[in-house]
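Both complexes shown next keep chain A, but they swap its partner, so chain B is in the first and chain C is in the second.
After this line comes the complex of A and B, so read on.
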């Protein structure tokens, strides 16, 4: 790597050749504000707040657009720079409504933070602020099915415009009436229709673009805890952070406030799709299975205890003989669950274990612009590649649909007496299940056992329902479509009496008289490592680290947590104190 | 609240200027215009086809007189960009009209040199005489008054341009009535023309 050395504020800094002065400053922890620059969106040079003094250059320079050169001497704190920067901030706030108390971004807003740190004490503006409310026009408008746009707050950094053009691939946002009338607009006010629209809220450095899903739901300081995890709604496996709202036990409503992307250059960059971001209501919904359920004869299902449910399961399997037992796994099951269940199958069925397990998932082709740089894969499950590594499915790479033909044929032939379904995913994650319900009702399957998380027709048809945990409620490993081993973290507990799926499988095994010698999921991972150490997609599974909940306090103090990658670099000595010295001045 | 003694500063400027382009009648380039556009596009590398956007929009105006939502969509399809980007361009340039214009589009320069030499007075006098506001067309469909940006004839400020080609230099606000009447009777021959062309 070729490097250049320069001096910023008397500190010598070495960066990769080709980086800009702003990037050099960020990397070395020197505080230079910026809005229009975003590492995922490149350089625009329109906001002018990143001004610095570079020796031998007559005028102040916008550091985001100047490539660092050998021997450059950069000043970010001379009176000239400080004053010019404060002037830019004064201009930025000329028309800004400063409605922070009712703004969703308030508390994690770069405009707030940088204005406090670098802006002037007050404004000299005497004229009316520019507003978009007027005859036939509203400032706060619908911006497509997922977003709201408040043009009053916009500082015209064009990050949203560039996101749609460069990342989404369909430039739906433009600037209308450029000049003193500039405003963010979509053609015919149609709003943004994109699978990546939620990212616009992240890139917008002010509260101009907000999501309907999160709007007015929580404030940054109401989310004191965050957990780094991954999204499991498709095989991409975007790295994410889930935010937990502080609320008393008895308070209604979800604890999971929102899911935001976490930077990972290998997987998702800075982005995630709307499916992963907005599909979270089911996790803490009323439709969650929270108690074991058992059906006796043709009666309705009744809630029961774990012991009784496992007894019933034992009785059903005993009555039909374990050789007629089949397993249907959703590809939402983690490595641990798949591996434990297949070991149980081996203990029960011996050589025929391999054929007795089938993996299913849902697939849907997403309609995205041709030139998108963030494509969402068609497989809607996190662990299809994992199932392949564990030898549970023979569907080749590149094939989106699962292969259920063998299981269906066996069911049609009446060979399956007991079907054990494991599905810790959201509704629809097994694909079509109507045929299973039908087979159970017509008696082709004598007994149906469901280990799952959500009420569904399948759960309603089951004889035994074992409530499990979904991806934010357990520590589990998955291999994504690229063959990357990743892990979820435990952010919230499973509802009611629901249990971690691995421990359910261990209990089931014990109840069926074939105990598995696992005391925890870690034991299962060690076993996978011991038996499958040759698979690159499973490498390191025994030492997988799981993120723990962390206090978000310092991110909030540091500024926009959406841009945490930046603060993690800037403040090596966490917890940082936000520009403390500057505030004192 | 005004920098200017007679023109109130900011009225309307603090409101959204946005006007969602109406769909208008269905639009498609005529085969001749399409061929002309393809010829212009061929001057650019294929992946930069959209560079021909200004030319395409001029063609729309030539064909239909003004640019509608349907036309924007058509242009976007032909040159390969998003409709929002076409609207971005249309709403920026003063020479693109989103509503029908009159026979004579009187474009008064309002940029610095002309402004200093009293272009605002010219606009005011024109509007008073024709009973319209800037951007509007007279009911008889004869005149549209538009405020324009620098026409590049700053040394003869204030400058007026009619229908994108005909100049009138050194306009005096007091002679606006005469100019309008002359335009009505003699057409563009009434204009002074561009001194550079004349002196050439």
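After this line comes the complex of A and C, so read on.
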């Protein structure tokens, strides 16, 4: 790597050649504010807050737009710079509504934070502020199905415009009018219609673009815990952070406040899609399965204990003989779960185990602009590649739909007496299940066991229901569509008596008299590593590290350091962190 | 100096090809076609021609920045957006001497190895578009523009594009954006247009008057051209004199001419025998000069020395009845309206200045508002993305500097100080 050395505020800084002065400052922990620059959206040079003094240049320079050169001497704190920068901050606020107390961005707002750090003490503006759509909350207008827009708060950094043009690939946002009247707009006020719309809230450095999903739901200081994890809603496996709300006894509602993308240049860059971001209500919903259920004869299901449920399971399997047992796994099952269940199948069925397991998933073609740089794949499950590695599906790469023909044929032929379904995914993750419900009701399947997380017609038709954990409730590994092994973290516990799915499988095995010698999921991973050491997509599984919940205050230190740009000002309290890679763009 | 650029503009049909040919049009082109591109650039350098668009940048040097060996297409963009308040010279050249203009375009294209020239005329110049198109068709027919020009093998196409009427579209990179079909907002520099311009290709942006000077250099030789006017301020220059003068209009002179001569000799002095109060010498973006500073050469360097700029040579003359607060407010109204809004200081600051000035002009201001005006203007100047921001400062800062009394009177009594004779009249009326 070719580097250049320059001096910023007397400190010598070495950066990769081609980087800008602003990037050099950020990398070395020197405080320079910025709005229009965004590491994922490039340079615009329009906000003018990143002014610095560079020796031998008569005028102040915007540091985002000057490439660092060998021997350059940069000052960010001379009286001239401080004064000029404060002047720009004064301009940014003269028309800002300053409604921070009711703004979703308040508390994690670069405009707020940088203004405190670099702005003037007060404003000299005495005229009425510019008002676009109305004052106060009336300024919040629809901005498509997922977003709200408040033009009074906008500082016209055009990050949103550039995101739509350069990342989404469909330039739906533009600026209407000019000069003092400039406003963010969509054609015919249609709002933003994009699978990536939630990212606009992230890139907006003020509270102008907010998501309907997170609106008024929490404040940053009410989210004291952050957990780095991955999204499992499709095979892309975006790296994410989940934010947990403090949940005192009296507070109603969910603990999971929101999910935001976490930078990974190899997987998702700075972004994630709306499915992964907004589809979280089910996790802590009333529809979660939280205790074991059994049905005796044709009665209704009743809640019961784990012991009783497992006894019932043993009785059903015993009644039909394990040779008529089949397993249907959702590709939302992790490596550990798939591996343990297939081990159990081997113990019960010997050589026929392979054929007894079928993996299913849902697929949907996402409608996205042709030139998007962030495409969401059609497979809506995290571990289809994993199922392939473990030999549980023979559907070839590139084929989006699962192959259930063998299982369906066997069910039609009446060969399946007990069907054991494992599905820790959200509703619909097995694809069509009406045929299973139908088979159970007509008696072609004698007994149906469901290990899952959500109420569904399938769960309702089951004879035994074993409540499991979803992806934010357990540490588990998945291999994404690129063949990259990634892991989730345990952010919250599973509801009620629900258990981690690996431990359910171990209990089931014990109940069926074929115990698996696993005391933890780590044992399963070690076993996978031992038996499948040759698979690149499973490499390192035994040593997989799982992120732990951290106090939000320390999250920036604890998390991927490349995230620091996001909470631009939190870094003031933090030691310098290097984040070269983030600045590669 | 005998007019060269505008010699025949008052004659009937001066714009036509026949008329132009009778008066020597395209003679410079014939000579330039026999010269290599580098030689053409060299001549222009030696002529001392400086850009007439505002900054006075040496034209030959600008052309020399275009990378010769770039495999990309090269473009010439003509800045015919002429929107600076007080400026109306390019207009006259295009309307009355279009063939001189086309001739300059073709020579410039040859110099920078461009095959295509876009003439970007301002949105309001609809009538000019028609004149230019008619005459351009004639020039094509006669073989002065198009393929194999005058049998030389040189190929230059000229297209006329009319903008949508934004002052900022005259800023060279905003002009390029607008030509590409985008909002007329400036680009970050560097890269400069000479390297990355229209459609990402090397591009020269020149003013109309600049290009109209080019044929003269070849027709009569660079030595002749360099001999006109003072050192480093060579060649004929057009001045637009407007405001409180008896004969407002476009005047041609060499740059040794003084502001006083332009106001009193060329434009016939101030009506009604009133006294001169102030002059804006180079379009609204230049510092206003008080009446005692007009004995200076109206040249690039002369006006810089006098504390202002030649700019677009739009000389706005104001007599003693003029309130300089009103002038500043009026100009800020223009800048507030025309700011493209891309960068923070200009978008927010121009409007703020306009509001403060309006308040002061109405007589509702306080003395501390005058300090605020200075400070806000200073927070814009030098901090913006394009020179528009710098152009906002002069109307405020220079009127405050030279005419503080006007401001203070507005603050005190809600109107400007009266000229002595008005004060007399009021006294008489009061009795």
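Simple rule for what comes next: the second predicted complex is superposed on the first by the 545 of 585 C-alpha atoms of A that agree within 3 Å, B and C clash if a C-alpha of one lies under 4 Å from a C-alpha of the other, contacts with A are read in each partner's own complex, and residues count from 1 in each chain.
What we mean here is this: a contact is a pair of C-beta atoms (placed from the backbone, for glycine too) under 8 Å apart; a residue touches a chain by one contact, two chains touch by 3 or more.
Everything numeric here is computed off the predicted structure, so don't read it as measured data.
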Chain C versus chain B on the shared chain A, clash or fit after superposition: clash
Touched partner set for A:181, first chain B, second chain C, both or neither: both
First (chain B), second (chain C), both or neither touched by A:19: neither
Which of chain B and chain C A:48 touches, first, second, both or neither: second
Partner chain(s) touched by A:127 [first = chain B, second = chain C, both, neither]: both
Contacts of A:346 with chain B and chain C, given as first, second, both or neither: neither
Touched partner set for A:172, first chain B, second chain C, both or neither: first
Which superposed partner A:189 touches (first chain B, second chain C, both, neither): first
Touching partner for A:92 - first (chain B), second (chain C), both, neither: second
Where chain C runs into chain B (options 43-51, 79-87 or 151-159): 79-87
Common ground on chain A, meaning residues reached by chain C in one complex and by chain B in the other: 127, 175, 177-181
Partner chain B, residues of chain A touching it in the complex: 126-132, 134-135, 137, 139, 151, 165, 170-181, 183, 185-189
Touching residues (chain side chain A, partner chain C) in the complex: 43-49, 51, 59-60, 65, 84, 87-88, 90-92, 94-95, 124-125, 127, 155-156, 175, 177-182
Parts of chain B lying in touch with chain A, wherever the complex brings them together: 1, 9-10, 13-18, 20-21, 69, 72-73, 81-88, 91-92
Contact footprint of chain A on chain C as seen in their complex: 166, 168, 183, 188, 336-345, 347-352, 355, 372, 375, 378-379, 382-385
